[in-house]
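A, B and C are the chain letters, set down in written order, and residue numbers restart from 1 in every chain.
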Amino acid sequence: MRIGLEVHVALPTKTKLFCGCSTEGDEPNTAICPTCLGFPGSKPMLNEDALSASLRVAKALHCQINEITYFLRKVYFYPDLPKSYQITQLEGAVGHDGYVDLGRKRIRIRRVQLEEDPAKIIREEEYSLLDFNRSGIPLDEIVTEPDIETEDDLREFVSELRSILYYAGVDIDKEMKVDLNISLGNERVEVKNVTGIKNLIDAERFEVKRQSNLIASGQMIAKETRSYNSEMLSTVSSREKESDEEYGFIYEPDLSAYPTLKDSIPDTVIASSAARQLSSKYGINEVTLKELVMFDRNALRLIQHGLRCSKAGTVINAIELLKRHNGIMISDKGFEKMLSYMDNGMLLNEDAIKALLEDRDIGAEKNAVSAEEIDNAIRDIVSSRQDLVNEYKSNSKAFNFIVGMVLKKYKVSPKYISERLAEFLKDKA
Amino acid sequence: MKAGIREFLAEERPEGYYEKLIRDLEEANEKLRMFSVINRELKSGMPFSVKDNICVKDVESTASSQMLSGYIPPFNATVVEKLDKNGFGFIGKTKMDEFGFGTLGVNCIEHPLNPFDERYVTGGSSAGSAAATAVLRHHVSIAESTGGSIACPSAFCGVVGFTPTYGLVSRYGLIDYANSLDKIGIMARSASDARYVFEMIKGSDKYDTTCVDHEVTTEGRRKLIIIDQLIKGVDERIASSFDKTMCKLGNLGYAIEHRSVPFIEKAIPAYYIVSMAEASTNLAKYTGFKYGLKVNDFSKNYNDFFTEARGNFGAEAKRRIVIGTFVRSSSVKSRYYEKALRIRRMLIDSLNSILKEGFIISPTMPIVTPKVDEAEALSPLEEYGMDSITVPPNFAGLPHVSFPSDYIGGMPVGTQLVTSHFNDMALFDFVGRWEEDFEYRFKYNVGAL
Amino acid sequence: MENEDFDRLLKICRLSMEKDAKDKIKHDIDEIIAYFNSIDGVECSKYSPAYQPISVPARKRPDRHEPFPEPGKLLKNSKIYRFFIVGPKI
């Protein structure tokens, strides 16, 4: 099986690619102007931040970057395309021939191109409805080579790509739109416009099954364009054949060719490779580390910082604790303090973390407790409430009740209390 | 003394001047069909007209195409904005060949007629602009040239037609024909008026990427260069008139030299390839539901809906859409579209090196003004052939001017002068000097003080 | 050009015409394309394509809001249904 993707992601700009309209229009057709409606007489003017974001992404994907980048017109007819041509890139794109490293293999990136989004279109029985607020929003289209060979590859690639985009400053909360090129036999089938990652995996599964069945029954797989129906969990053949359209690309004569100043494009941290390095250097579990840092640049920074002054185990525990209490924005100084408390065997509760976040002294006697204190508290309850102890094996509520009693007093991690309590009860058994 | 823009603006207009101006203009327009819209609200300022492919806010702008009937742009073209702010008053929209597709000015409904003799064409595509300039005494017209659409009608209507270096005047608000070739320019009754307006409208614009803030020079040339291939085969009457003109210029002290430029005759096919390729993309947007002509049956599949709407293009527009789509299709793109762009580079290089030495001079058109019925009988290819002299400077984005230099049988004849990129001002100096010894004639002087 | 190719071209352009008009336009187009073929002999491979006749500076726009002052006017010619522009069926 060979899968290639065309991933579309919206770039983090306030205004559209070629006009000053907001990218966050609310009511339909309110963030519009002559340019994004394609009115006769209007002209495009390139948004500098869209170009720089696009170059950042291209570099993060290890692409070759040309000295200059320029745009083309791609002509096709559809109601959502205001000029009946899309301003996009091909040769002369912001980047080409890059890759995404999955550790065990590489997925090659053919091209990263900057282009304008068409309008949003809603299909109705007797007409269509169009919202041009979306028309002209800057997109990066990331085109891979057909190097994805399994569903695991697909999942891993998408997760890795999202992480890279996140670190390159691209808002990944907006849904990704993906065109999926998938071939089990000789012919390539393109599944257009799959939105979101769950749908992507479902569409891939359906196509694999569909094409496998065809092959098994000795039938040919037609080269065609299909679309994914998320309600039916299936793909259906689109009526338009590929050969019906002739894009007839020409140079976009309303724009210039833009120097990329490629030596000044900032580098993007690749979180997974940073995690790999830290894992082998400090002996931390790679999966745990990745989970913490793939979509959290503060976590990565704190871990890198913390490992210089504390033990790996403490650092990881501290990060997990901070994430639980929405504390990942902590200052480096606060984090150092936190690590030193924890290295001294102190347990930190919610109030303690709040104090650290606000750069106050936590008042150790009030908000941080030593492990000894917790142990004493548990021992007291276990010895005074024999009724609960007798019951705990048959009734999990009894166990939780004890945990709750300790928690009420000390507000430290319930997981920690549970572990300690289990230890005590083991002795009793 | 010539009474130009400066004098007009300095003087008091008699009471009721504009009312009479509009009345007289409407009367002339009945006969000559120059304007699609006349602004009856005009009450002040130096009157200027605007070719119908240039947007004027809240005024129907159709590029003389059925496809755009009812298009009311909610914004001004940058040129219009600048003139509005500088003491000019909008007098109306002038007719043109549909989308600029035509050399003779007959590719639109009720096309304009030549003010010197209504049996003759005005030339195109800025047909109405040239006719209006020949009719109105105090007025300038904002016209547009892609491949000769200012020079040709200026020659046939006996006015000064100036086409600037590509990119010096903002195209924001211009309904595109071929974006890498379109240039907004000026028609006037004197070089000094054209210059006055040019200085006002040039300069970069935050709404047009291709518009530049380049310094514009006034470097005179002592030498006039005739490119032999360009004047080969021109009408005999034109040839002898041109000889007469060159004699006069020789007497003014210019040296005259003959040259040839390799492949310059290929400028026409190469120009048509590039312009049609771009035009076919620009015209793709006309699909009948957001502006201009409307198709109302939304229940039709979009392909049928679009096809129905696009049936309203005129014949020449359809031809150019089909050919333009062909020359950029993937299997032949390098043979036509890309090759034509290489030819453009080659011609720019060779013309620029010649233009360092002198102006290139020629008759503007290879023919005398044709009659309407003669024009309508021409095949498309015969019509394209008439652009042989105006296309090279347009294709190369070079500034050029056509100025009246003779009258044959009562019809004006124009001479075309070309100079280097960004040496636009030198053209006004040259024509200004010509005007010292040559009186332009007009049949109409509507609005004379 | 073969009739079949011509029909395909018309379809791509979303144009359709009656047989007579089509025959005439096809005749003109064949003639024009034959004329275009006259550039075949021009040796110009050493020249780069001139996409624009002058060198256009790489001007860009800062990422700053500039809302269109009269958005309502943009929708004047469209049929509107609950703020949406109505388009043909897809």
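Definition applied: a residue touches a chain if its C-beta (ideal position, glycine included) is under 8 Å from a C-beta of that chain, and two chains touch if they have at least 3 such contacts.
Note that the structure is predicted; figures quoted are calculated from it, not measured.
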- line: Per-chain Cα centroid nearest the overall protein Cα centroid belongs to chain C
Query: Looking at CA centres, what chain is most distant from chain A?
result: B
Message: So the centre of each chain is just the mean of its C-alpha atoms; given that, what is the distance between chain A and chain B in Å?
response: 54
- prompt: Counting in whole Å, what is the centre-to-centre distance of chain A and chain C, each centre being its mean C-alpha position?
  reply: 38
- line: Distance in whole angstrom between the CA centres of chain B and chain C is 21
Contacts with two or more other chains, residues of chain B listed in rising order: 71, 74, 180, 206, 209-210, 280, 287, 289-292, 298-299, 302-303, 306, 325, 329
Query: What residues in chain C touch two or more of the other chains?
result: 12, 14, 49, 51-52, 56-57, 59, 61, 68, 74, 85-90
Residues of chain A engaged with two or more neighbouring chains: 34, 37, 39, 45-46, 77-79, 126-128, 246, 248, 253, 256
Task: Would you mind writing out the residues of chain B in touch with chain C in their complex?
output: 70-72, 74, 165-167, 180-181, 204, 206, 209-210, 212, 214, 263, 266, 269-270, 272-273, 280, 287, 289-292, 294-295, 298-303, 305-307, 310-311, 313, 315, 318-319, 321-323, 325-327, 329, 335-336, 338-346, 348-349, 379-381, 384, 395-398, 421
Statement: Contacts from chain C onto chain B in the complex sit at residues 1, 6, 9-10, 12-17, 21, 25, 28-29, 31-33, 35-36, 38-40, 42, 44-45, 47-54, 56-57, 59, 61, 68, 70, 73-74, 76-79, 85-90
Interface residues, chain A side, partner chain B - complex: 34, 37-46, 73, 75, 77-79, 82-85, 126-128, 246-250, 253-256
Message: So in the complex, the part of chain A that touches chain C is made up of which residues?
response: 13-15, 19-22, 27-34, 37, 39, 45-51, 68, 77-80, 121-132, 244-246, 248, 251, 253, 256-259
- line: chain A partner, complex, touching residues on chain C are 11-12, 14, 49, 51-52, 56-68, 71, 74-75, 80-90
